[in-house]
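Both complexes below contain chain A, partnered by chain B and then by chain C.
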Partner chain A sequence: MAARWMERGMLMARQRLHFTPSFTRLVRPYVGPAAKHVKDIELMLAEPSWSVNSLFTSHHSPATESQVSKKQLHHLLRLSALPLPANEAEEAKMLKDLESQLRFVQAIQRVDTDGVEPLVSLRDETEEATKESEVTVDTLKEDFAKETVTGIRGRIGRSDPAKKEEEEDWDALACAPKTVGRYIALDNKVSAP
Partner chain B sequence: MSILPKSKAKSLVQKLDYHFRVQKSDTRKSLNAFISAAGDRPGFDQEIQEAIVRHENGPRKSSLDGSLIGVKDNICTLSEPTTCASAILEQFQSPFQADVVKRLEDHGAFVTGKTNLDEFGMGSHSINSHFGPVHNPRNRYGHLRSAGGSSGGSAVAVSTQQRPIALGTDTGGSVRLPAAYNGIRGFKPSYGLLSRWGVVAYANSLDTVGLMARSDVAMYNAFRALLMAPFPKISSSPNTLVQDALRDPTVVERVAEAVVKRVAKAFSNSEYRVNLLRKFRIGVPKEYNTKEMDPSIRSVWLKGLQALQQDGHSIHSVSLPTTQIALSAYYVIAAAEASSNLAKYDGVRYGKPRELASSGLASFAETRGLFFGQEVKRRILLGSYTLSAGAIDNNFIKAQKVRRLVQSDFNKVFRRSSPLVDRQNAIANEEGVDFLLTPTATTLPPTLSSLSCKSSVDTFSDDVLTVPASLAGLPAYSIPVYCNREHNRAYPELYHIGMQVIGQYGDDMDVLCASAHFRNKITKILRESLGKRDPEDLDEHSIKNG
Partner chain C sequence: MSIASPALRLRTNSDQLLSRLLTPLLPKPILSWRLVQQVPRGLGTATLSDSDVPYRNQLKKEAKRRRAVKHLSNEETEKKDARLEKWELTVGIEVHAQLNTERKLFSRARTSIDAEPNSHVAVFDLAYPGTQPNFQKATLIPALRAAIAFNCTIQRRSRFDRKHYFYPDQPAGYQITQYYEPYAKNGSIILYDHDGIDPEDGHSVTIAIKQIQMEQDTAKTIQQDSVTLLDFNRVSHPLIEIITLPQIHSPQTAAACVKKIQATLQAVNAVTTGMEMGGLRADVNVSVRLRDCPGELAASSSYSGITGLGQRTEIKNLSSFKAVEDAIIAERDRQIEVLESGGVIEGETRGWTLGNTATTRLRGKEGEVDYRYMPDPDLAPIIISEELITHISDTLPELPDTSLKELVDDFKLTLKDAKTLISIDDGKRLAYFDQVLAGLVKALRAEEYQGTLEQCLRDPSITKADKVEYARLVANWAIHEYGSVTASSESASVTAEKRPIVLVHVLQYLVKKKITGQSAKKLFLLALETPGRPVGELIKEENLELKDIPRAEYLRMAQGLIDANQETAEKVRKGHQGKLMWFVGQMMKDGKGSIEAQRAKEVLEELLAVGSS
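== the complex of A and B ==
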C-alpha cells in the first residue's frame, strides 16, 4: 500500500514537471481607460494576447512517460461501470485518449490557487442567505409536528399525505425495459458455483 | 397541414401551416434537426382550434399564444420521447414534463418537436448523436458545415424557420455556439434563474436552459414567458417563479425574484424600457483575442466596436487573465459531474431492452458499453479519473478553485457588484464596465470533413470564448452581426458572425435590451458604410408578404 502511495507521489511530481510554468501567478484583472479614437480600438485588437494552442502544446508533444497504467485504466473503467477493452488495440486507444485529455485539463496546474476558496456551485453566498439556509430546530418544527410514533419501540414515522399522493401518482415501473408484476426484472443466467 | 381549417384568423393558421410545411420539406429533413418531428398527442387539433379562436376573439393568453416552440431532446416533454440523442434512452418516455415546457404551454405555446443534439449535450458540433449528425443549412458550394453544438438541432430548426423559437441547454456554450454558426440569436440566462426541473443533467453546476430565436422580440417574449405568469394574472402575481424554484433547489430565488421584477417593470413601463438604453461602458477582454481567431471575425468585432463608439458608448480594454485556463478547468468540472450524473443509466429502470450478452449476464457495464457513444464514454472516464482518490485534490478541487478565480475576474471588471457576494466584500467599481462585447466563436462553422480529422480533445478549443461566462454563471447573448463579402471572402455563404454580450450576474434583462440595441446600431452603421441591406431583414420582409 505504502509503495502505491509513493508511486502516486512520484506520478504527481512527474505531472508537475510536464509543464514549464509559463505563468504561475496571473496578472491582475483590470479595466483600461476609454478609447478616445477609432484608432485606439484598432490598437486594442491589433495583437492577439495568447494562443489556445498553448493548452495543447504538451498534448501534441509525444508523451515521454505515460501517466496512467493499464492497471489504473481498468480500475477507472470499473469505477465508471464501463466494459474493459476487448483487445490490445482498443486498450491502447483508450490510454491515448485519456492521456491527451489529461494533458489538456492539467493546464490548470500552472496556476497558483493558494488560499482560494473552491467555487462548488453558483449560489447566494451573502451572509443573509447563508443564515437563511441554516437548518435549526425551528426550521424543522413543522416537520417534527407531523411525526407519528408507533409500536412498542416507538418507531418514528413521517408522512405528508398531500405530498405522498403527488409523489406516488405515477407509474415508477413504466420506463423499465422489463418488469414482472410489481418488480423490475433482469435477465440473468445463474451460473453454477 | 390538413388539420388546419380555413379560418378568418389567417395569421396564426398561416404561420403554423408554414412551419409544419417547411419542416416536412425534403431539404429541411435532410438537415436532421429533429429527433421526434412533432408530437401527435391526443387533442392537439383541439388545442390548435382553441388557439385560433383566441386569436380571433381574444383574449390571447400571452404574446406567445399559438407559437410553435421546438425543444432540445434533453428536456422532458409528455408528447414525445426524451432521448438525449443517446441509444440508452432511445425509447424513454418521461412521466412528467419539464418546468420550462409547462411554463411555455401555460402561455398558450405549442411546445412540440424534439431537436437533435450531441449525446447528453457532450460536444460542440452536434455530430455525436445516435440519430446522426445535424447539418448546417448554410452548405452552398457543397461544403457540409457544422451546425454547432450541442443544441445544433434547435439552432437549425430556428434558422430554417421550422420553429420561430426553440429551447436549448447551455453548459459551456451549447446555445450560443450553434446560434452563432447559424446566424440566429441564442441566449444563456444567469445560472439558477430558470428551473432545470425535467432537464436531463449533464454537468449540473453549469447547465442552464437557453433560448434561441430569429428576432429580439421573439426572444424577449419567450424569456418573459419563462419567468412570468400569462396575461390575465400579470398585475396580481408576477412571481409564480417561487413554485418552480421549490422543484429545482439550485434556483437562486432572491436574484430570480429581482430579475422577474425587472422584466415585469420593463414590460409594463415603456419609460423604464427606454432608460435601460443609456450610454454604456463596454469592455473588450484582451484574452478573448486569441491567435487562432479567424481574421474575418476579428474584423467584424472591430467594426462593431467602432460603430458602438460612434454611437456614444465608451469602449475599454479589459483583462480577464484566468480566461486562459478556464477551458481546462471547465472540462475537469463538466466531465466529473457528468460521470456522476450519468451513473444512473444502467438499463434497468429505464432504457431500451437488449439481447442477453454471450456471457448470459446482464451487467451494467455491458449495457453502458453498448449504448453510450464514444465521446460520452471518454468523458465519463476522464471524470472518474479526476474524482478518484489520488487525483481529486489536484484536479477537481483545483478546477473549482480556478473557477473561483474566473468568477472574481469578472466581478473585478464589472461596474455592478455581484448579487451573490456580500456587499462589504463586493468591490464597488465605478471604473468598471457594464457589458463585455466579444465574438461567440473563434472560427466560422468548420466543415464536417475537417472535423473528422480532429481528435475529440482538439474540438474542446471551440468553446474557449463561451466557457468563462458559463463558469461564472453570467447571462450571455449571442447576436448575429451582418458580415459583408468584403469581410469574409473565403465563405461567401455565411452572412452573419456571432457576437456575444456578457453582463453581470442577474443582469439578464439589461443584456437582452442592450444587445438588441447594439445590434441595431452596428447593423445600421455597417450598412450605411457599405450601402447594402442586411439579407436577414430581406428574409423577414419576404415572410411577412409571402
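== the complex of A and C ==
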C-alpha cells in the first residue's frame, strides 16, 4: 500500500512539474520499475548529479548586491514574532543568511509552473476517493435528526445539547506556565523569545 | 510541489525566520509574545450596546426619519451638506458571524458561550505540536443555510488556507480560513425602504456578496494591567465571514445591510446570537471620491473588482448597528477633510468606540502578502454533494421578507406590527401568532376541538382567507397584551410562550362577545397564572361573563356621569372627542368589566347630542 502511494506521488509530481532544461539537469532522473539491474543503480549512484550548493550560487543577482534592506528584515522578523538582531554583526549575519536562502527560493521559483495546479498535499485524488469524501445528506443524517422543525415557516431548532466527548477530557491548563483562575495568563511584557 | 518539504529546512540561525515565513508546517503553541497595540481579531466580547434600546422604539425612530425626509423640501436637501454633493462615499462590509453548531470547526470539543473558561478545549484547539485538524462536517449545515439564504453559488469543492499572524488569541500562529477557494460566491442581498435604507437609495437596493468563507474564531482575551487572560473556549468556534462588494454609498444603508444580514442569519438558524451578544461583528471599509472627476483627478484604487475608488481604510470590530452607521459617518467626514486640505488617505486599520465622534488609527494595514496565505496541507478539500445543497435549499426556513409580505399584504397588518412580530423573540413570537391565529379560526368553528395547535397549522381546511378576519386582532394581542402580561407577572412570562392555547380560548370568548375586551385582558393573565384551569371556568368563577346589561342601565350610568361632570360634558358638546372617550372610560371603570365600550359610546353620544348639533 505504502509503495503504491509513493509511486503515485512520484508520478503526480512528474505530471505536475515540467522542468525547465536548466533545472532538469540538476535533477536525478526518475528510476521507475524499468531499472531492473542493480548495475544501473550502482552506476547512477556513483557520481553526484547535482548539489545543493549549485542552488545557492549561480544567479543573476551577484551575491554582493543586497536584495533585502534592513527595514525589510525587521519587518519580516516582526511578522514572524522573532527577536530583532542584538547588534550590527548579528544583523549582517541575518541579512547574509537570508540572502542565501532567497537565492535558493529563487532557484525554485525559476521552475516553469505555468498551467500546473499546485500540489497542496498528497491525497488519493481518484474519482472513487473523491466520491467517498463527498458530504451528502446521508453523511449528516444524525445531525439533521437532532433538529426540530416547527410551525408553518420551517423554523429550525435543535433538541438536546451536544454530549461531551473524550477530546475535552483533559486539563487544558496543565501545560500553561501561568494561570489566573481558569484562565491561561500571559505577561504583557516578556523578553523576546 | 510545495517548498515546505523537510529537505529544504536550513541550518543557520535565520532558519527560524525562513521557516516561519515560508514553512509554517507544524502548529506551535506561541505562548510568549510581545504586546503589539492591536485590535483583538475575534468577535468582540459581549458589551451593552445601543441595540438594547427596545426594538419598537427603533422602529418608531425609523418611521419618524422616513416621514421627516418626505417633508424635506428640495432646497433643504441641497443645503444639507454641500460636501456630500461633491464627494461620494463608498462602503464595503465584512460580517463575521458565529455559526450555530454543536462543535468546533476542527475538533469534537463543544461550542459554548458562557461556560467555565478553558473547559471546552481539544488539544488541537491549543495547537499542541503534532495534533491534526478534524473538520466537523456538521458545521456545513448552518454555513450552507446562510449561503443559500444570500443567493450564493455554492462551490462543490472548497478548501482551507492558513492566514499567518502572531497574536496570543490564536495559538497556532495562523488562522484557518478560506482564502483561495471559499465555499460560497456571488450572492446578493436586497434592501428595501422598510429595511431602513437611505431614502436616496429609493425603494430598494441590491448589494452583491462577493463571497462567504468558513473560518476559525479566536480565543477570548481579557486585558489586565500586567497580564492578558486567555479563554480558549471560543477558539476555533466556526465562523462565516460574509464579504459584500463596495456598493453601498450611505452610512444608513450600511447599517440597514448589517441589520438585514443578522435578521436573515437568525431566521435560517445559522447563528445563535446577534450583535448585541457578540455573535456578530462587522468590519467596514470606507473610501470617498469626487463625484464628477474627469481625467487625472479620477480616483485610482480598486478592490474586489470595482475600479476607480478612493484609497480605503478599514474600521474593525463594530459591534452594533449604530456603531456601523456612526463610524462610517465619522470616517467619511475625516477623509473628505484630509483630501480637501490637500492630504492623502493612508491605507490603514482604524478603530471606533461608541460615543466617539472620530475614528482613531490602530495600525498600518498589513498587505495581504504579509499574511502569507497558504493552502492548509493538513485539510482535505471539502466536497459538497449537489443533493445536499438541494436538500438544504428545499428545507430552508421562510426568510423575513416572505413573512413580511404575507403579514402586510395578506393579513393587512401595519408594517410596524409585522416587523415587530418577525423580529422579537428570535422568530418565536411569529410562530406564536401563527398558532393562535390558526387555533382561533378552528376554535370558532367547532365548540370542542381536540387537536393540537401544531396540527391546526397544517389543517388544510383553514385557509388564508379564514385567517385574514382575525389576523389584526391576534397580532395586537400577540404583540401588546402578550408583552404586558409577561411584563406584569413572572409566572405568566414563563408560560405565555408555551401555552398559545390560552390566548386562543380568551380570544374565542372575546370574538363571541361573551366577555369584554377589558375582561379578556384580565382573563389572559389569570389563565396564564393558574395553569390547568379551563378558561370557561375562570370566567364563571371571576364573574367576568358579559351580562346583558339593559340599555336603561347604560343610560342611567351615563346620565349620572354627565351630571357629576358638567364642565367636561360641555366640552364634549362642543365637539371634544377626547373628552367623550374619557366618559367611556369612566363608564367601563364603574362597570367593572361588564360594560361594552361601543355601546357606552353610543349612549353617551346620544345623551350629549354629539354630531347632531
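General remarks:
Assume the second predicted complex is superposed on the first by the 107 of 193 C-alpha atoms of A that agree within 3 Å, B and C clash if a C-alpha of one lies under 4 Å from a C-alpha of the other, contacts with A are read in each partner's own complex, and residues count from 1 in each chain.
One rule holds for everything that comes next: a contact is a pair of C-beta atoms (placed from the backbone, for glycine too) under 8 Å apart; a residue touches a chain by one contact, two chains touch by 3 or more.
What you are looking at is a predicted structure, and each value in this text was computed from that prediction instead of being measured.
By the touch criterion defined above, A:Glu117 lies against chain B but remains apart from chain C after alignment on the C-alpha atoms of chain A. Contacts of A:Pro177 after superposition: both chain B and chain C are touched.
Shared-chain residue A:Gln106: touches chain B; no touch with chain C. In the superposition on chain A, A:Ser49 makes contact with chain B only, not with chain C. After overlaying the two complexes on the shared chain, residue contacts for A:Leu77 are found with chain B and with chain C alike. Legend: residue contacts after superposition of the two complexes on their common chain; A:Ala92 is shown touching neither chain B nor chain C. Look at A:Arg153: by the touch rule set out above, it reaches chain C but stays clear of chain B.
Using the contact criterion defined above for the overlaid structures, shared-chain residue A:Val135 touches chain C, although it does not reach chain B.
Put simply, chain A uses residues 76-77, 79-82, 94, 97-98, 101, 104-105, 108, 118-121, 123, 170, 176-178, 184, 186-189 to touch chain B in one complex and chain C in the other. Chain A meets chain B in the complex at residues 8, 11-12, 15, 23, 26-35, 38, 40-42, 44-45, 47-56, 59, 68, 75-84, 94, 97-98, 100-102, 104-111, 113, 116-127, 129, 170-171, 174-178, 184, 186-189, 191. Per the touch definition, chain A reaches chain C in the complex via residues 13, 16-17, 76-77, 79-82, 93-94, 97-98, 101, 104-105, 108, 118-121, 123, 130, 133-137, 139-140, 143-144, 146, 149-158, 161-162, 164-165, 167-168, 170, 172-173, 176-178, 180-190, 192-193. Taken together, the chain C residues at the contact with chain A in this complex read 1-3, 8, 10, 12-18, 20-22, 30-35, 100, 102-103, 107-111, 116-123, 126, 137-138, 140-141, 159, 164-166, 168, 173, 222-223, 225-232, 268-269, 370, 372, 375-378, 380, 382-385, 387-388, 391, 395-398, 403, 427, 430-431, 434-435, 454, 457-458. Only residues 92-93, 95-96, 191-192, 204-205, 250, 252, 254-255, 281, 283-284, 286-287, 289-293, 298, 301-302, 305-306, 309-310, 314-322, 324-325, 327-329, 331-332, 335, 339, 343, 346-354, 356, 360-362, 364-366, 368-369, 372, 377-378, 380-386, 388, 390, 394-395, 397-405, 407-409, 412-413, 419-423, 429, 431-433, 442, 455-458, 460-461, 464, 471-473, 505 of chain B touch chain A when the two sit together in their complex.
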